[in-house]
Structure formats: structure tokens, C-alpha cells
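Both complexes below contain chain A, partnered by chain B and then by chain C.
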Partner chain A sequence: MTARLMVHQINAALNELMAEDERIYVIGEDVLDPYGGAFKVTKGLSTRFPQRVLTTPISEAVIVGAATGMALRGLRPVCEIMFGDFLGLAFDQILNHATKYPLMYAQNVPCPITIRTPMGGRRGYGPTHSQSLEKYFVGIPGLEVTALHRFQPVQPFYRRALLDGDGPSLIIENKMMYGQTPLAHLKDGYDDFQLRRHGRDVVEAELSLTGFAHEDLTLITYGGMSDLCLSAAKQALIDFEISANVIILGNLSPLPLDVLTAACERTGRVLVVEEGTRAWGVGSEIVAQLTPRLWSRLKAAPARVACEAPVLPNSQALENEFLPSVADILQQMRALVTA
Partner chain B sequence: MLTRGVAMTDTNTTPNWHPVVLPQLEVNSERALLVAWLVASGEAVKKGTLLGHWETAKSVHEMTAPRAGYFFPRVAEGDEPDFLSVVAMIGDTNQEPPPSPPHRAAASTISATRFTKKAAGLAQQHGLTEAAFQKSGIITERDVTALLNQHSVPQIPKTSSLDNLRLPSGLTRILVITGGVGAMHLIAILRHQARVNVLGCLDDAAELQGHQLFGVPVLGPLTQLETRWRNGEFDQAIIGATADVALRRRLFQQCKALEIPMANAIDPSAVIDAGVVLGEGNIIGAQVHIGMATRLGDNNFIAAKGNIDHHNHWGSHILTGPGVMSSSFVKVGDGARFGTGIYIEPLVTIGAGAVISSGALLLGPVPADHLVKVRVTTETVPLKKNS
Partner chain C sequence: MDRTETFYRKLSLIRRFETHLLEQFSWGKLSGTTHTCIGQEANAVGLTAHMTGDDVVFSNHRCHGHYLALTDDVAGLLAELMGREQGVCHGWGGSQHLHRDGFYSNGIQGGIVANAVGAALAEKTKNSGAVTTVFLGDGTLGEGIVYEAMNLAALWALPVLFVIEHNGYAQSTPTAMQLAGEVAARPRAFGIETHCLASNDTDAVYAAATPLFDGLRSDGKPRCFVSFTYRLGPHSKGDDTRDPAEIEAKRADDPVLSYRRKLPEDVATRIDAANQQRLVEIVARLEQSAPAGSQHP
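And now, the complex of A and B:
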């Protein structure tokens, strides 16, 4: 099977890395073959590495807690949390255990644990299987949070988390993205967009329809809102002659502030777009960190698009009504340039 | 049985092929992954023969033949077609079915428009099509405007009726550096001067080679400058470029490095008052007035109708548009550039490298390397409705 879709590439990366380093273990629910995980990311791993793929009872606290113990003893475990919504059950293990060891012992006790989990809606999975909960984790000291995107070379992304770091790492994988084709092979263009990448292993993708010049505003986004932002950018240019550069984040915490500042300085107008709920969101922190750096360059107050609904409905049609749309982004873009 | 065959509508063509449709295996997924076909292409199958295994988020499903016939797959192992799409055909004979129509394109959220709406309107207004733009991606209003501005630069004809214009055959042989519009302007001024003989132009632009400017030939690239000077082919040079300060300065310095004397080209309608001190290599356009006791450096271009009043002190490599009106005691630094129709109050000082936009009214000093912006709002509106 070729690595045709994002899910295949993640699977291939895990395969390669497990073959390369015996310290890597995969631990999670239903990860064994033939099922191979709810989203098939771990497919084939238990057949190839039967001793190093561990299926667990339905307890996220056990998954992360056991993995933390393994990491403290020199292994490099990768936890799969079946749905990001279930991360709440592992919150204490992440906050009070995995991240605390390196911090309490002045980085002398490494705890290299990687937690992968799918987030996001638009699949009609209902209120407790469709959320974007990364905002509750980006503020945990000592936890690195990254979000996979289609322009990101997949293997180096996982290699860095699994093998290079000495601290805990949380990887957000968007559910819709699993079934999409990777775009990491694209060098400098995608559709009508010109493409630049910033960073080495975890990259930020920056896209522009007007050659990275003459843009009116900067869209900052990640995960499941990436494609919607690109669509909105294109429609804004065609219909309203509003030009935007789009930054798709790989790093959520810590934020790539230099990249963001450079991209926003050109335009002086910032719109942060996320799928999670609005209050105390990822976007709030991005705006808070960027504003002092951009203060004298800002032409309008930074704006946000986020989910306004407190809970997502079960029906996919209704869910799409409640989640941020291209029209929502477009409306904010127009408001920003006329502000 | 998990599959259902959907019989094709009857046609007169024989043989017939019947599509095998991937059913909606689960409500939580949109598509399934083909793990393996268990039957080879062209192999005979009975109704109920196991055709292949399909994998979804929840489990692996078997697919059986909906009818007897010859099996022809439409998707390959590892593919992940949508539910309710055609994944194979079963033929009445072992003859290969014709290729299926191309897949319904994945619903792309990105449209294929080439022009923005504003750009499309503007392009249509000026009769421009996509082919006029050497650009990939979306064509914006800015692109159309840029192209229109580019078109507004005059195209120089290779030769013209003016080639027969009689140029004086005088004593001083002058070589013109560059061969574009500026050089043409310069030659038009020089033709009034009885004692000069314009030898030709040097320019690097390939498209200008072989051109005649009022009968003055473009002789070749700038690399010939030194040889022609050493061979004694000309006595003085002058620079024709009148749009770019840096270029004009660089060419001047190139000439001075070879110690070439530079000619002044002064239109006969210009008025040069008493006590004016003029450097070399200057071009003074028609009806320019240079007032009493004014000093002008080298290599300047003062366009038509300019007024540099008395006791001015202007440096070198300065370019002006038409109608720049300076009052008395004005000082201008090297390499300043003026637009069209500018008024300067007495005693104003303008720093080197300053750029003054058209229509400016300068009441006070302009520091070096500063731009004077002018905010003028003009709007062109139709006189009649629907025009």
C-alpha cells in the first residue's frame, strides 16, 4: 500500500521509526491488528512489532500514566488517545506527572513521552467526539504542542517528537486530514498559492496569492481550519480584491513568534482562525503574544474567528452550521480591511 | 450479502457490463479502503463469489459478487473510494469494459477563476485577455493596472520618417549614451546646434540594436565606449537616460573614469541668464529659464518649461519633469528627482536623493533621501449614464 493519504504517511513514519529505535512503544486502545486503531494510524504495527504495541483497557489515565513510567525508565512511548475529547481523562497525568518530572528536577529527569490524538469535527460524531480541546493543553508548562498539517513533511515531524526531544509532546492530528492527500512534496506552490515553509522539522506553511507582497491581512490558523482559510483567501481576492497571506501553524506551544511577527508586519492586520470554542482560546493567546510585537504596525485591532457554539450537534448538517465556515472568515476579513 | 449490484439501463450495445457499487458500510464513515481483491481481472465469478475485503473505521467487510459474469476491477488495492461509488464491473462476456468516465472531481472548495472580479472588469474594458499576462495564478486588479501602465510607455519605431531630418555636420563629434526615449529627446535638442555632429548611440538593450533615432544609429552595446573613445571616434559624450537617477549617475561616472568630456545639450528656446554657471553633461529642455547667478552642476536633466530662478544652487544628476518652478535662492542636492508641475518657495533646501512627487508645493526644507508625497484625489466619472 502506498502512503497515499495523510493517515498512511503517519503510519509509515511510525513504522520506520519503530524499526529504527527499539525504545519506541505504541500504547493505546484498540491499536492491535486487525483493527489497527480507530483511525487506522497504527495498522500493521502490532504484526510487525508484536512486543512493542500495547493495547490497554479503556483508561486514558493508564495510557499516559504507564507511558510516563516507561519514559522515566528510558523508553520512548507513543500514546494514542482515540479521540482528543478523551484527553480530559489523562489531564492529571499530563499536568502533574509527565510534564512535572523534567521541571521539578531541573531537566535532569527526561520524560520523552509523545501523545498523539485526533481532534476536530465535521464528521457528525457528536458533542463528545468532535471537539478541538488543544486550548486546555497549550498552557501547560513544559508541554510542547504541535499540530500536523498537509504541508508538513510527516516523517521528520514524528521523528523529532519521538526521538529528538527529552520532554512530553502532544501532537494534534485533525480527523478530516487523515483522509486527505499530503502536500509535503510541493516545493513552492499549491493551487494558485505561492508557498513558503518556515522552520526545520516542525514547519509553518505560509501561502500567498500575490507573491508575498501587497497583502492586506494575515490569516493565522492550524489543523482543520487550514483548508477553509485557503478557500476564504482565494474568494476574498477574486470577489473583493482583498489579498491575504495565510500562515498554517505547526507549532502551537511554544508559538513561532518570529515567523508570525514577520508575516503580520507586512500587512498590519491579523485574523486568527480556529475551530475550537472562542473564549480563552488558542487564538486569544496568539493575539496576546503578537500584539505587543506588532503594536506600532497594526492598522486594526486583531480579530478572531472561532466556534461560537458551546456544544456541537450530532447531525453533520447542523454541525457544519455551527462550526466556523468560509463565510465567517470572509466576513471578518472584510470587516478588518474596512476597520 | 453486503453488496448490491445496480443493473445498468438497457442499451443496444453488446456485450453488457454491470456496475458493482460499494455500499454504505457504516454511518460513521464516508469511504472504505480496499484491502485486497480476491478475484483476478477477467476471471469468471458466480453470484455470491467473494470478491474482496473492504476496511472502514470500525471493521473489515466482505464484498460478494451481485451476479454471475466476468469480473473487472475499477479501483486498485489501497484505494479508498467513496461509499456508493462504482468499484468494479461484471461483464456478460470476458471482454474488457470500456474505460469508465473520469471520476467525479473531488469537490474542490477552490474555484478555477483566473481573474479577480475587479481585474476581469478592467481587463475587459481594455480588451485584454488572459494571454496578455505572463503570470501564473490569479490575475489581480494590480496586475492589470501594471500591464496598462507598461503599455503606456511609448514603443519606439525601428525607423521613422524623421530619419531624413537633416542633422548639422559640425565640428564636435558627440556620442550619446543609451538609445531609448531619453536619447531621442536629447538628439532632438542637439539637432539645433550647428556645431555638433551626433555620431551615434550606445545601448545594451538587444531590441534597440540597429535602431535609428532621427537617423542616428544605435551602434552597439556600452562595452564599446572605451574602444571608441581610445580610437578617437568622438570628442564628447552625453547621457540620454532621463528616468533613472542611479543609472544616469553610473553612466556619467563611467565616462568620467575614462576622462571623456561631457557635452551640454541646451534647447535654443531656453533662456540662460547672466552669470549662470553650468557644469557638463546637462540636458536643458525647451523653454527652460535659468535665472541670474544660478549654479547648476553636472549631468542634470531639466525638462521643458522648467524655471530655475536667480541665485539657485543645484547639484548634479538631478532629474525633473516638465514645469518644475523653483523660486530664488533654492538649493537642491545631488540626485534629487522631481515629478511634473512642482512649485518651490524661495530659500527652500532640498537634500540629496530626495524625491518630490508631481504637484507638490514646497514651503520648507526636504531632508536628504526623503520622499515628498502628494495627496491629490481625482476621479473620472462618466458624463452620461451607462457610458
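And now, the complex of A and C:
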């Protein structure tokens, strides 16, 4: 399979890593060939590694729970949770088991379990299959949470979680992104943007239309809102002469605070954009962590764009109406510069 | 030392340890909480006697007996409860969160059953020959993950021994108020070979577990052991709402006192005295020891 789209690259990365290290097991629902997972991420893996790809009953708690036991005893399991919405069923295993074992015994017990899951809407899957629930997980001590994006070199991203780390990690894969083309090959430009990457294996992408200088504000985003933020940045410059740099996060928890601080210091205006619901959101914490660091340079109170609907509607028209849009981002950008 | 003496040494040690804890709590010398296994020692001793160095154990809130019978680490456990640096988890884990070698305990009911199934899978892939044992109470049969885990263990033929210590209560709630159907019918519904025993005799537990461990080590398939037992002490410290007459009647079947009668009086007395002296020495040493440091984890 050629690695044409993001989904193919994730698949290729899993293939390579499984070939390299026999401790890696893939465990999840419907992951076997010919089906290859609900989003086809695991296609071909069970044919090549029949002993190490385990299809399970519909039992998210025991998927993560068994993987935790496997990790405690020397394996490196990767769980696929079919939809991120189903992570709730595994919450206790993440909170009170996988993340507790390395911490509560005060013995640095390794528990290298990776959980990958698709999040996000815009595919018309309705209220219980479209959510962005990472905010419920980023606050769990001992859990590393990362979000894949198109500027991110895919193989090192998975290698770090699957092979390098010794603790539990949660990988958020945006559903729309699976079908998009990777942009990791781009060195220093994308479309009209100049591009920089920060970090080593898990990277933050920073994009600017004005050469990383003279920007008015910084957009911070991740996952499914990334493309919308880039569109908004372009339109803001053309229509309103507002220039923005855009940070697309790879690391959600812990946050890459130095990268964020450096990007926001230049502008003094911060807008965090996320697809999940607003209250107690990822954006709330980003703002809380950044504000004291930026205090003397802030020109306006940091602002947030997030989903305002308490539940995501199924119909595409309604979904588009209620998910954060380019127009929502633009409106907040204008409010910030005129504040 | 023959087996009877070894078993009695462990039974009497666990009983003394747990009694000491309850005393210390009642005098306000220990803080936090604890769940002693007074009355259930036969399971700990009889089952761990089948275990070898590679075997894995997951245990629950009522884990001291399992831990002591397996590791004999009196000082590490007591120091842990006293919040000392020498504690097996340096004072971070406490009574319900112990780890040493292949032993893991967790104070959340049910979740460890899934972890045990995963551990068994890992040991199977390593061809280590290890058996993974998980201890759970009758009350914990109310947790859904137990059944997810049993299903997977049976489906994937994993070498796990589920030990259900059925003491008739979940904290304050009698079994009849929290459990429908039969206990043994649950594992059996998944095709898991299940053996029930209503005895507090360590030799009987040991004998009943022999075919289970033999089977686990030969075909690697899961087994379940349901032990009908009784908790003679409170659920945790002073929280007993059961009829005192009921508890008193059960004292006739005290697993430690009954087992003691299998030994000549002088041998039993010698074992009791040795255990007592060992505990006293450890207590004295730990009282002088440094409190847990804050550098962990």
C-alpha cells in the first residue's frame, strides 16, 4: 500500500514498528483483515503479524485493562478505540490503572500502553460518534496526550509512543485527517505560509504569512480545527489586514509551553481554537498556563473559539452550523485586534 | 519445616500482623484505612503455596494476607502502613497499593481483573509458564469489567486463576442484597472450569487448588476458585454492623485457631512465639525509622 493519505502513513508506521519490535501488539475491535479497523488504520497488519493483532469483543474497558496488564509484564500494546466517544467506557482503566501503576508504587513501574483513537465531527456521524473528548483526558496526571497533524512526520510520532516511552499515552487522530494528504515532506512552506516545526519527535507546526514577524495575533489549535485556522489566517490578512501566526499543536499534555510562549510573545494576542465544547476545555487550560507567562506583553485578554452546541447534530447542515467555523474564528480575531 | 508447620507459621504471622494493625489504628498510631483479612487467611496461605517465582498476582483492597503469604515481607508492608521510607512503596501506596516483583494490588474494585488477564496474555506470549492469579470479593462481582475480563480470558485461553473470596458481604451489604443468581454460574457461563470450596482449612484450600494450578500449568486455560469464607474482623477498622452473634458463631471455624490444633502444642507455641518476636522486633526498628521522603515518584 502506498502511503498516499494520512491513514496510509499511520498504517505504514504501525507496520514498520511491529516489524521492528515483537513486543508491539495491536488490540481493538474489528481490527482484523479483511476489514482492517473501522477507519482502515490496521489494514494488512493481521495478515502480516497474525499473532500480534488481536480483535476483541465490544469491551473497551477490558481492551485498555488487558493492555495495561500486558504493558506491566513487558509488552508494548497499542489499543485502538474505534471512536473516541467510546473512551468513556475505558476511563477508569486510564485513570485508576494504566496511569496509576507507574506512579502509586513509587517504583517507576513501566506501563507503556498506547491508546489511539479518532475524534472529531464533520462526517455526519451524529451526537455520540463525532465528539472531541480530549479535554477529559488531558488533565490525567501521568498520561501523555498528543494529537497527530499533517505537518507531523508520522513514523517518529508513533515510534515515540510505542517504543520510546515507558508510560501510558493517548493519541488523538482526527477523523477528517485520515483522508487527507500528509504534509510532513514540506520543509519550510505550505501554500502561501512559511512553515517552522518545533520539537523533535512530536512537533508543533508554526505557520505564518508574514515571515514570522509583524503578526497581530497567534492562533493556537490542533486536530480538526487546524485547516480552518489556516483558512481564517489567510482570509484575515486578505480581507482585514490582520496577520496571524498559527500554531498547530502535536503535544496536548503536557503542553509545549516554551514554544507557545515564544509564539505569543511576538503578538501579545492569543486565540485558542478547538472543536470540543468550550467549558473546562483544552483552551481554558492553555489560556490559564500561558497568561502568567505573557502577562506583561498581553495586548488583550486571551480568547477562545470552541463548540457552542451542547450536542452535535447529525445533519450535515446543522453540524456545519454548530461546529466552530472559519467565520467564528475571523470574528474573534477581529474582536481581539480591536479590543 | 514440614508443610503443616509452614502453613501454620504463615497463618499465625498474618493473623498477628493484622491484629497488630487494628490495635494500632484503635490507638490512633496509624492513620488512613486498612482492610484486614482476619478469618480469610486460609485462602492466602493455601493458594500462594502453589505459586512459583515467575507467577503473577493481582490483589484488591484486602491484600495483606496475599502479600505476606507470597513475599513474607513483613517489614516492607508494615513500614508502608506506617508511612516510612522503607515501605515497599515508600509510603506512597499504603495498605491497598502494593507492588513487589510479580505482586500488584489496587484499591479500585474490579479493574485488576482486566489487568490480570492482560498480564496472563503477556506471560503466555513469553512462554514463561507463569500463572496469573487475581483475587476478588463477592461484592466485586457487581462490576461489569469482571465479566469482560472473564470473557476474554476464556476466549483467548489465558492462564488466569480467578479467586473469588466469597465472605458474604460487600462492606455493609449482605450478598442477598447485592447479587442475583449463583456465584459459580458466572465463570461457568464463559466455560471457565470452576471449583467451589466451603472450608477455612488451609490444607483443604491447598488440595482444592492443586488440580486448578496443575490444569493451568498444563493447558493454560483459565480456572476459577470460589471460596466460601467469612470475615471475622470489621470491613475496615471499626465499621461492623453485623449481628455480633453471627460473628461469634463463625469463630468456631477460625482458620488460624483450627489449624493450630493440627500441630503439637509445643510446636505451635514455638511458632507463635517466633512470629511474635519477629513482629515486635520489626515494630521496634520501624518506630525509630525515618518517615517517607517526598522525592518519589
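FYI, the second predicted complex is superposed on the first by the 338 of 339 C-alpha atoms of A that agree within 3 Å, B and C clash if a C-alpha of one lies under 4 Å from a C-alpha of the other, contacts with A are read in each partner's own complex, and residues count from 1 in each chain.
Assume contacts are C-beta pairs under 8 Å (C-beta built on N, C-alpha and C of every residue); 3 or more make two chains touch, one makes a residue touch a chain.
Fair warning: this is a prediction, and the values are worked out from it, not measured in the lab.
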Practice item. Please tell me, clash or fit, for chain B and chain C sharing chain A in the overlay. Key: fit
Exercise for review: Have a look at where A:172 lands relative to chain B and chain C in the superposition and call it first, second, both or neither.
Suggested key: neither
Practice item. Pick one for A:14: touches chain B only (first), chain C only (second), both, or neither. Key: neither
Point to revise | chain B versus chain C as contact partner of A:59, first or second or both or neither | key: second
Practice item. Once the structures are superposed on A, label A:227 by its partner contacts, choosing first (chain B), second (chain C), both or neither. Key: first
Review point. Once the shared chain is lined up, is A:41 touching chain B (first), chain C (second), both, or neither of them?
Key: neither
Check your understanding: Touch check for A:101: first (chain B), second (chain C), both, or neither?
Key -> second
Point to revise | C-alpha centroid angle, chain C to chain B via chain A, nearest 10° | key: 150
Exercise for review: Could you tell me how near the closest CA atoms of chain B and chain C get once both structures are overlaid on the shared chain, in Å?
Suggested key: 25
**Study point:** chain A positions touched by chain B in one structure and by chain C in the second
**Key:** none
Point to revise | Parts of chain A lying in touch with chain B, wherever the complex brings them together | key: 1-2, 4-5, 34-35, 38-40, 123-125, 179, 189, 191-194, 209-210, 214, 227-228, 230-231, 234-235, 237-241, 243, 326
Practice item. State the interface residues of chain C toward chain A in the complex, per the touch definition above. Key: 56, 58, 89-93, 97-99, 104, 106, 108, 111-123, 125-126, 132, 144-145, 148-149, 151-152, 155-156, 296-297
Point to revise | Interfacial residue positions of chain B with respect to chain A in the complex | key: 28, 30-31, 33, 55, 57, 59-60, 77-80, 109-111, 113, 115-119, 136-138, 140-142
Check your understanding: Once bound in the complex, which stretches of chain A touch chain C?
Key -> 51, 54, 56-57, 59, 61-62, 64-75, 77, 92-93, 96-97, 100-109
